[in-house]
Amino acid sequence: MSRPPRAPWRRLLPILALAAATAAVALPDPAAAQAERRDTLIVGTMWESLPLSMKPRRSRFFNESEILDTLIKLDYDMNLVPGLATTWERTSPTVWHLHLREGVTFHDGTPLDAAAVKNSLERVTALLPYAADLLNIARIDATRPLDLEIETSEPFAALPNQLTDAITVVYAPGSFDAQGQFVTPVGTGPWRFVDYVKQDRTVVERFDGYWGNAPTLKKVIYRYIPDHNSRSLALETGEIDFATNLPPADVERLEADPNFKVYTAPTAGLYYGAFNTVGDTPLADPRVRLALNALVDRDILVKGALDGIGAPAYEFFAPQFPWVPKGVEPYKVDPAEAAALLTQAGYTKQDGRWQRDGKPLTLRILSYSSRTEMSAITEALAALLANAGIASDVQLFTWEGMLDLVRRGDYDISVVFWTPEMTGHPDLHLKSQFHSKAEMNFQGWSNPAFDALVDEGRTLDPGAEWTATYREALEILQKDAPILPLVHKVFVVASSDDVQGYRIHPSAFFFDFKNVSKSE
Amino acid sequence: MPAGLRRSRSDLGYRRVVLRRPGGVTLLAVMFLLLVLFGPQLAPYDPTLTDILNRLAAPGWDHLLGTDAMGRDMLSRLLYGARLTTVAALAVVLVTAAFGTLVGLAAGYGGGWFDSLAMRFVEGVSVLPALAVSLVIAGIFGLGLKAVLIALAAVHWTEYARVVRNLTVVERNKPYVLAAQAIGAPGWRIVARHLLPNVGGPLLVLGAYSLSWVILAFAGLSFLGLGVEPGTPEWGRMIAEARSHMRSYPRLVLAPGLSIMAFVILINLLGDILGDRWRVDQVFSPNRNQRNP
Amino acid sequence: MPGSLATSLLHRLLSSAGLLVAVSVVGFALLRLMPGDFAEVLLSAQMDGELPSAEALAAYAADQGFDDPLPLQYLRWLGNALTGDLGVSLITGDAVTQEVLLRLGNSFILAFAALTLSLVIALPLALATVRFRNGLFDRLSAAVAVLGMSIPNFWYALLLALVFSLTLGWLPSSGYGTWQHAVLPTLVIGTSVCGVTTRYIRSLLLDEAGRPYMRTAAAKGLTPLSALLRHALPNAAPAIVTLAGLQLARIFDGVIIVETLFGWPGIGRLLVESLLSRDFPLMQATFLVIAVGYVAINLLVDLTVAGLDPRVREAV
């Protein structure tokens, strides 16, 4: 006769006890961890930093995080200030002379000299076609150890501004391998690249040999949290100290919470709808484009899509920047005017819907969800158009997915975000996106008068002629309406309340964490 | 008359199920059906009408469930969502049921190489995660609503094929079928007049569970950003879009989520009742290696 | 009979091999079904988005063998795939194989953890349900099953994240790196499928409980619970293993959603991203890897079942 077996769970007890003991031993020492935590800033970012690649978003991360420096920088008033170059002078219409800063070393110990800068610029223009377009460099010479001469292929007064662009950061020769391919970011910045875990984090540490004010913090960890709501949740649970690109919906709540600080400031940046202007699209007709600009009430859009955090945009450049030429007439919301334009273009309104030849006016709108606000803005745009009787067919992809369709011309409006004011000079965006020959002009928009003005503008020094030229170019932009400006960017980040010293930089791409510290 | 031949369509008494089981569940089912059919007429507002200045309003007499971030009436959106979800899911279920049943009947009755081939194919598909495969199919077709419906149908029909085939195999060897064959009735007639009614019951049960799966899969895909457009009053999409305001306005996420859950629970309970009626436990037996159940 | 074991194993292996071939053909076709001219898209991606000239395109097509007959292209592609070359991402330009395999591993960590959790809950619950038939456990497990089948898993994940991360502060809300990061995703998937798993195991046990040997066991003096544990459960084991294999596919669907919400770097999230990025080679690679992984699991399950139960060897 067999006995009933012993309860099986009794056999598990020793195993459970062992597991508990192991867990207790494996837990890290709390005191040491806390000290390190105080010297570390954990930042939650929207996009992966990808420090081992030069291509993504024009290597913006290296400049944002200050692993590398640009030759010239912008201060908090968007004035050009010395970076790795202390002076710059235009010795002839096509030649610039730059004098470099003394006593600067790269993270690997090699000194910064003109040869290194020449090598870096040449590598950048070779590896990134966009950079070649931007800088227009015909020849670079290291005339003396700390002196650089740059000759541009055409007269280019805007070169110093372009040299503040993140793509022009100065890489040490050790950043490239024997074949000239990019390997790792070795720079002159206050932060040294230390570690990268794919899909998770990038770690930088303080570089004590930095040429400027050394940071207070010892380490910054950039954690990749692509889901926008998870990112702000991570801030609230204490997993990160600093959340970038905060969803507007969280601003009010976090501002009311004493444990957090919310920073908002207008910066460079414009959300706009880029029109497809060629091919079989209703937007090939400029009257339709102007009608849309007169129909969409950006004030309502900002309230509905962004909880009011943003400035309604009725013109291209944000008006708060002093260098923007004044006197350009912004769009006005005028439904009657819009209706007149659409009628001129051959559309009639029946049962509240605009149509032509029996087919309703329908616009294919594309955007991307990888940036926080795009989905809401696109939806709001579609809703406002629907209220006005224009149907739409909206699809969201990632940036690359949308770009694929845009390149094929398979769209009517693509809602995008760019930072045209980033370099403190109009040339950046006007030349690289709206010029008919620009590589990134996916809209097919071509206006010879505009092209001529932009080509002229980059040769002029700031002054009356410069202002007049760019004003005229912007007026063409308004009248021919290749885009639907929507919202001027108001930058939103949040941190826990022990983070001190952070300030939003108006270029929107510069964290400046060297001034940041954590209080007790 | 031989006992088997009495099993014609009317004997199974589909209508009797509903009437003989008046219980709470059936009542709710009828109510939901009415909601789905007439919901949009009941909706006080156009679900896509935005009223930005009145956004995120709390529930009140104007808007019984409040408004969302764009000022659209929540109640109306939920009602329209019921119909949209049901219609889309039904479309998928009907197509997959029709195709799958056809294949299952042909395989089960005909046997031979078609049976082996079909069942190998069905087994193969059932090994793979359904959502993953439907994502890939949707990706090829452009991620829109049509793409999603095609993708779900392409992945789901095998469920019907397998169940129907197994049932057919069981029925095929029963006396009444053999008798009909002996009389000389043509194959398709046997299938249509004798086999089909007998698989009808379990098919209905499968249909109920299948509908609930499709509804959840569809909601999941719209949550991920496929299928319906942003702004469409579809429950899964509504949850995705309300996430940013979830912390301060949880009802925006709770309402559509609870709607999905209530809907699906109801359909599953209906499936359970139908399942009891036709005693179809074996149909869903986890042991799929049954060649001869 | 040892002969039939070998035959049945061979049968199973051939079956899986056939499935793999079918999967590979589908995988190969996927890239060809991509909208737009297939060769142009690939070349254009290499040129950073620029559209290639007609001559460059023709040269590229000839060089890559796109003018060859399809079966030959398929075999060439298959050869590449078998040696580890699954193509290059249209977005990053990097080879995808390593990334995709790493991510598959991450996903399987979640999937197996969720399966384990669901079994850990389901087995005792099913036993209790069968032991105390029609009692509280029966109704409880039925209710949990219905709830688990009816709750949208993405909604459930949102709620759990709020409760466990924010309100209680016990677990990280997203990310990857420590075992704590895996708890929430596992909890979401595991608890949502455990109800159905319980009901399935319950029905399997009930089948066993009705058999004559159980009466014999009772006659021998075994308590109902012991009889279940010592006889019914081991006999139901092959079917339970089969069930676990099936549930793993179901669980993977949940993994896809949960990875997106919790930022878990798994292959489900990669698949969704590749769709939204229109990165067709990456999409193809993720599909292949998932499909092959599941065919392998299926084979493993079948072999385990065969190993466990002599009766099954005959029927297979």
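The chains carry the letters A, B and C, assigned in the order they are written, with residues numbered from 1 in each.
We adopt the following convention: a residue touches a chain if its C-beta (ideal position, glycine included) is under 8 Å from a C-beta of that chain, and two chains touch if they have at least 3 such contacts.
This structure is a prediction, so every number in the text was calculated from the model and none was measured.
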The pair out of B-C and A-C sharing more C-beta contacts is B-C
Return the chain label for which the distance between chain Cα mean and whole-protein Cα mean is smallest. C
Would you mind pulling out the distance in Å between where the CA atoms of chain A average out and where those of chain B do? 45
Per the centroid of Cα atoms for each chain, what is the distance between chain B and chain C, given in Å? 23
For chain A and chain C, what's the span in angstrom between their mean Cα positions? 38
Touching at least 2 other chains, the residues of chain C are 260, 275-276
Listing for chain B: what residues touch at least two other chains? 143, 225, 243, 246
Hey, what residues on chain A touch two or more of the other chains? 369, 396-397
In the complex of these two chains, what residues of chain A are touching chain C? 1-2, 4-5, 8, 53, 129, 197-200, 223-227, 230, 233-234, 236-239, 369, 396-401, 403-405, 407-408, 439
Within the complex, chain B is touched by chain C residues 15, 18-19, 22-23, 30, 33-35, 146-147, 149-155, 158-159, 162, 200, 203-204, 239, 242-243, 246, 249-250, 252-253, 256-257, 260, 268, 271-272, 274-276, 280, 283, 287, 290-291, 294-295, 298, 305, 312, 315-316
Given the complex, residues on chain B that touch chain C span 120, 124, 126-133, 135-136, 138-140, 142-143, 212, 216-217, 219-220, 223-226, 236, 239-240, 243, 246, 253, 257, 260-261, 264-265, 268-269, 272, 281, 285-289, 291
Chain A-facing residues of chain B, complex: 48-50, 52-53, 55, 69-71, 143-144, 225, 229-231, 241, 243-248
Footprint of chain A on chain C - complex, ascending: 36, 48-51, 90-92, 99, 102, 161, 165-166, 169, 172-177, 220-223, 226, 229-230, 260-263, 265, 273, 275-279
